[in-house]
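What follows is chain A paired twice: with chain B in the first complex and chain C in the second.
What follows is the complex of A and B.
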């Protein structure tokens, strides 16, 4: 079980309808690759976030499959079109079954 | 003997080059834009003319100025700055009760946003009760042992460095202003002497690189002036916050000398002197560096 996991997202509060905005996401996570060894020489079991998704009003925006070589505290930045007011929903899926969620609403003007 | 005389010649060449002005060469080729604006709102002072008699620098530059534009961009947004994750972690420690007295930092100091404003800008400084020049780390451990009844933290350990970052960020944008006169004067003079004394098998002083050759390449890296206003520093190479004394230790080791101990009075004096070289630069930690 990973500790100290905290999702963060940055989405503008409003945008012109139909325009494109930049979204930044960051989740603090150790992202243990499963390749490292502890002092006794035993493998430290893999514990990473393996999937990240973003949806806007139920419509998929991005989906990312993550592999063990991804760095600690993975950061994703991407652009999304905002056709109408609504809510961006972000979900991270952990190896241990935990699911971390964040949501941000945006107003189309 | 032959080596000795060669060294003399090289030393002379280096000094001459400096006098003619390697400085301006760097300033002309420095990456633009040169303005550090954090979160699109607070502009940091990244260059300042130092007061007379402190150093031989014509202009003091924030270490941020020497980094690649990609690295610079990461520091200009708190959301992207990985150092801020550690600041959040430190806030948990700030509120956590530890030790026999049942106190946390917050028990006495309240919210760091109020009580810690300006602290980082004036440290290291003379502490009357300790009777010596003290760093933030020493004050933290003093609080932990005498007021909280808790175990002291390791000087360059994770908890210590992140707590220092939490305290530093409250002073961000304020000019560094360490006092070098009064009771702190002898420590400052000792620090200055250390700065200009060549040590190690490579016979390098701090000034050999950071005063005479900043802006030049040292292997693949660009030498900065070694200013410490941006510490604690998140380094991309180790993915954590790094303290001033850990950096000093790394530098002294690179001259192939026996290093001083982090937290030793020698390093405290050196920290005071190096801080004074950047008097007037903004406190900008946690910074992002290679």
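What follows is the complex of A and C.
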């Protein structure tokens, strides 16, 4: 597992029912592309997060297949519908099999 | 002339780009073809926002907006691995748009191809000038 991986998610605490909100996610990860070399000239093996998903009450919002061209500390911003109160679940899948999760609940008013 | 570390890195990055150019175009085309299944995308219907000049190729902010799309692929044509991200929108997506930060190895075109709900494909392409490449060197 890559060290120091910390997911951060910004979701409003409440929203009007049926409206759409903006979500921002950031996860600290070095996203080693597999093309850089260390001081001895050896290739540093690839180690990235290769998939990100966001769900609201079990229904998919967005799913991203990520490649090495994604920057260090991957950031995503997207919009989601809020038809009812519920929970957003965010999941990141690492190359090494680690899974990082975050969840935020939102109240529909 | 004495080479500073920065010069050395710039030269290294250029060498990588120069040697990779002959097969890059085909790699980018392959990534696009794999997504569209051979269909020819039309222009328009998708908005790709990129900076005109990116000082640091390590983090280039981009945004794609494609109303009515079910999936979007982002391709950085000049990168060693052109395919950058493939985004699929679910039923709970509020808008078919996403912003992210990507790496660019050098000055190049960034292409976004969107698959619409009716199965057609649209694309947008922007040129981005990169001062310092973002793929190591």
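Just so we're on the same page, the second predicted complex is superposed on the first by the 108 of 109 C-alpha atoms of A that agree within 3 Å, B and C clash if a C-alpha of one lies under 4 Å from a C-alpha of the other, contacts with A are read in each partner's own complex, and residues count from 1 in each chain.
Everything that follows uses one rule, which is that contacts are C-beta pairs under 8 Å (C-beta built on N, C-alpha and C of every residue); 3 or more make two chains touch, one makes a residue touch a chain.
These numbers come from a predicted model, not from an experiment.
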### Message
Let me test your reading of the model: by the given contact rule, A:72 touches which partner, first (chain B), second (chain C), both or neither?
### Response
both
Larger residue footprint on chain A, choosing between chain B and chain C, goes to C
Contacts for A:28 in the overlay, against chain B (first) and chain C (second): which applies, first, second, both or neither? first
Shared chain A footprint, chain B vs chain C, residue numbers 71-72, 75
So, in the complex, the side of chain C touching chain A is made of residues 58-60, 63, 76, 79-95, 97-104, 134-136
Listed in rising order, the residues of chain A that touch chain C in the complex are 20-22, 33, 35-37, 55-56, 59-72, 74-81
Per the touch rule, the chain B residues reaching chain A in their complex are 79-80, 82, 85, 88-89, 239
Contacts from chain A onto chain B in the complex sit at residues 4, 6, 8, 10, 24, 26, 28, 71-73, 75
